[in-house]
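The data blocks that follow each hold one structure.
The same chain A turns up in both complexes below, where it pairs with chain B and then with chain C.
Right, the complex of A and B next:
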């Protein structure tokens, strides 16, 4: 197991001063779980936090652009967007579109035009479809790799970022990813800094009108609060405390599957390809 | 006499330099923000404020009040006559005798100052303050001898040149302390700034026995929210800092200081002076912030105070208990200054420590500090059948439930109070889910934006209904509703009375609406909650209630206006700045010395803090709970 390196940035004092790094964090309107009110979304807040840390490490906070595609005219939404700005952003760029429209087109057009190096998003939104598809659809549109559920970006050297990906039970996987890429930020990433009222209320809502299509599919749906699913009880037949602890902390043993470490990259790719064919993902 | 030109010259020079210093000092204060003050009325009221308000506080220490009256009074009288006699040369025997008398008075006072300084308590500052009694003696002694010929006791020119020179040295010494020191930053500065502070105080309502404890609202469209640099204070706040006499009365009562947290209200005020005048705190000769060395802090009028002058931890240690303000003879407002700087930290820097940010986020998103569903506010009363204002529209008494609704221990207090209300047949109703957090914690944590939002929405809700009184079991909500909402309520509270439940229950008991058996337990003591006592002046009702149960209260040494905080106010449990002891433990030690088996309390926060002390310890109960146990329940209660 790798050590948790969520504090690695502070320890090493990540220094990117030589880099001309353009970072974009995408934000959405969150929804508070008990009150249902609009708020700063937890994961998107982390995407902004990580973006801010990277931009601060380059020595120029302007290297981070925070973008929201949606309708910033509505009061509650405006307040939520401002609560991101309260983290110390001078401005939030809003790709202004109707609330019912699909955000993918305006976003991918904008991102294609401005060509940042890193795009950070949450894993999935707290309201609406909450499908978690935005990073993938953007990745497809831009032709960029997508790194899901990252916990931190440890370093960036020679156009390659060293990333810690969050795995269940506090485990991390170290990845090396060439820029540019899209990453979704997991709850395991450092929590977003406090939002302060003064900077929030003074931040610029930099609106750009954008063309977008009405999301016909989604508008046909009606939204209901999610029901809690019953939890499957896990019966642990352990005799000793140590065994119980082991059962509680063990990795789920996936049936089947195999670990391919020794084989060549081509063989590994072939194995994945075969599996995807077998599962009917690729046709 | 030889050198007869010397002394008038010394006096004239000293007076002139004092005036120059005064102008410079006034300009330091004027760097602050504008605040409108009735200058004429203030100046006229000043002597009265000195003789009554200030002296009433000094009077708590009899030794010092007599000493100060003799020294200060003697000095002011002497100075006036010295100008007449020794500067203008009026050679009148009666005047001479009068001057001798007032100098003698001052000298006697100075002797007592000297005695106090032989073995000074730790709260007093040393350094230049140790020099002060000698300067007082030199001043009064030298002028006494110099005045003898005027009174005709000694012939003109007696003693010769040598004596004159020696006298002149003492006179120069005394004058520079008393006149130059007054306006150039010596210990006597307190007299000059203090007099003006009394005249131009930011809370003139405090004089004449009044009370002014509500925090002042922040204009949310300002360039900077809260106080970042000394010049962001109002000018009369800066003046107030300069009035400090470094008596350390505030230090001696500060619970955070006693707990070894890095806060000392006296040092804090001195640091404000350093910030205002520029420089370092190396000259400071009093107790430090516990755990922090003196001499590291630097400041200036245009520098951010929390970067180099004051550690944010110092500001977050304060429980806003107001004990310091209550004890300060110069009527300095420590809590205002502390919250002003917290406002900057929270609303501009976003650096509320520990759980602060989380609590504020919850208040914004759910209107309660713990993020509970806003629709679950009435869950505690599922079995109580309480009338809702949204149904009845009109009632006598609105029971303000407060966030105690979400806490199981506090719910016991709420239930007890409801039972009493029902037993007394009170026509009351609650707001239910329409009630929001009062904003107390948000405001003390420096988030005035959230406070104002909560306050305005609560006021809008209250405005929809007809009622005469609001009663609450939570002194913090009580303080907000009674003293702080009026700034946003457009006269709504002119016709509404806000009461703490102990006040209201006492009214019911005295009117015979509640029948009570006498109390059968052991010794009882009473803990005054800061927000009920010092903030609202209610010391009597809770005691009268206990007495009406036949309880003889075993008072703690620190009770009434001197009550020691439980450690739960001002968001202190949320920011949780480490110290050497816990404030609640120290309060429990106070309780233990009375031998009480039960602590009567009038606040859910105090209850939580005191019950957090490890057992064995006395029981903690809210007065409502104690009353319910003694309640004689009406046999048949047929009401519709």
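Right, the complex of A and C next:
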């Protein structure tokens, strides 16, 4: 059995020195779930971490470009963006635009022009609509495949990357995808390294003003703090009081499963085995 | 005593008798006559009495006629009947669908999940609202991909079923699925597309389709009607109220599942299977150390109870099966297993799809912990224990012997699948080009 697959990359020591790999990590400004303060977003931090590991494997840290499309004028926004740079980046590229503007057009224009090999994003943003559509819209605009929720990139050979995708219940799936591609990085990916304040404040904020239309659709929406959702009540639909009482007091009983009493141990084991196979838990 | 004897016992209905006695009671006429009228005025104007409906059967089976002019009328007493009626739910039929709503479920393990059923319930709510608007009936269509083991599509609210279970749709194949969905879009032009907003693939597929169709979807939706939608934004911390788009990704418990009607489940077929070249290739699931997965999340748990004597064999079995280990409280208290492996009220509430309980009696504290498990299998020497009542498959016998046999079977299975992997080379599916859109349109 394989050890924890999220560390597989470190074990093998990914070597991409022959490849001229250009990686882009897209970052957004996160929002702390309790205090609501701007921060380094969890998943975007992981995207930067994965990008840095890949860039270090190619031997040149400059192969990773970190891009933020949006507003960066406020001090809190600056600080959040710099905390990505504090992970050891020389610069953060900012496609400066108003907060209400749509980020897809300037991003896809930029990415089309610079043609990276791998684009890494988070799954959902921590603020705004948080719809998780950015990788898909970029994939559609650029015509590249989208790999959702990856946990790691295992190898890149002959223009094909082997990727571990995170599945629910701690499972992993291996995928092969041809470069270039876009991937969103799941929480199962290695945690981002610590951000250091010094390098963060020395990092270059490479700002570029870009034009984008105001997101008109969104202006028509109203946004409020989340209301608590009503809990679903278990309503017993019974015609008579006796039936309701029975439903409320009866012990939960299975529909009466199959019982094998007389059969030999071998037959019983076969029955278990068949059920496990049918359910697909035996792989 | 036999059952038939019981059904012969006369049963009195004191309430009905009371109503029959009380002429002012609103139900008096129906109750006293027992459906038939005892006295009617004949055509010639004479009062006619029907002696068969007169009176009632007394407690000892003798017919009694009440001469007190209704002051002590009782009903024809009801005989105890033991026929258990299975009420058939009314069938919801849509002969000619004026519009279609498409639901694309997760179908984890080939069955509709609770989430899928909620989404189907929501689809029907939307359909009813549109029907009220336009005055014509619409159908809810389910597009199911891959293996399908579900038997109760009718009770979940599926009017039309498009089942795509050929080889191309097995495993992870979002591009292939997209091509099929585009065909559905071209042919049915659904009023709404509904996806479960889940990590099981619903939100992935929904996002892909939204990007392709150029729709701005509503995600994390928890309240919808035909005009407005409320969805969670900013990582669940805000509620966004917006106009309802054509493509929705719905949260869990967005609506109640269908439970009071049956549906037709009419099969729908696509004209042709779109063949596309794939950029993503599924290489299958990777084996992950099952004991590294948190118990609460594990999909397959092999759980040990007081009936386990051979612990080495148990651990070997867990490893061979690739199952996460669990335990009952007794074996944890006895020190055979660590505390974090305990399943139950004072341990972990597990959500496994398959729970294999070996030598566990099924105390209520343990049963609480496995309430959410789908399939429970048990090996126990005692056929009368509570675990057997709960289990879908129970094997009565010594756990050591059964595990021994099971280990043998798994060993053979592993060897075969190893050989299989060496023989078959899986490289057909790799493709380079991406013109899915065009090809799908040509095919449609």
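The definition used in the following text is that the second predicted complex is superposed on the first by the 222 of 283 C-alpha atoms of A that agree within 3 Å, B and C clash if a C-alpha of one lies under 4 Å from a C-alpha of the other, contacts with A are read in each partner's own complex, and residues count from 1 in each chain.
As a working rule, a contact is a pair of C-beta atoms (placed from the backbone, for glycine too) under 8 Å apart; a residue touches a chain by one contact, two chains touch by 3 or more.
None of these values were measured; they are calculated from a predicted model.
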Chain B versus chain C as contact partner of A:196, first or second or both or neither:
first
Please work out whether A:137 is in contact with chain B alone, chain C alone, both, or neither, and reply first, second, both or neither. second
Contacts of A:112 with chain B and chain C, given as first, second, both or neither:
neither
Between chain B (first) and chain C (second), which, if any, makes contact with A:35: first, second, both or neither? first
Per residue count on chain A, the busier partner among chain B and chain C is C
For this session: Please work out whether A:86 is in contact with chain B alone, chain C alone, both, or neither, and reply first, second, both or neither.
Result: first
First (chain B), second (chain C), both or neither touched by A:261
second
Query = What is the contact status of A:129 with respect to chain B (first) and chain C (second): first, second, both, or neither?
reply = second
Counting only contacts in the complex, chain C reaches chain A at residues 109-110, 147, 149, 172, 175, 199-200, 203-204, 207-208, 210-212, 216-217, 219-220, 222, 232-243, 253, 256, 259-260, 279-290, 292-294, 297-300, 319, 321-323, 353-354, 356, 367, 371, 375-377, 379, 383, 388-398, 401-406, 408-410, 413, 430, 432, 434
Counting only contacts in the complex, chain A reaches chain B at residues 32, 34-35, 37, 39, 83, 86-88, 193-199, 201
As the complex stands, chain B meets chain A at residues 220, 224-225, 346-352, 356-357, 360-361, 364-367, 371-374, 376, 447, 449-450
Within the complex, chain C is touched by chain A residues 1-5, 31, 33, 36, 124-133, 136-137, 139-140, 143-149, 162, 164-165, 167-178, 181, 217, 220-227, 229, 232, 237, 252-254, 256-261, 263, 265-266, 268-273, 275-276, 278-283
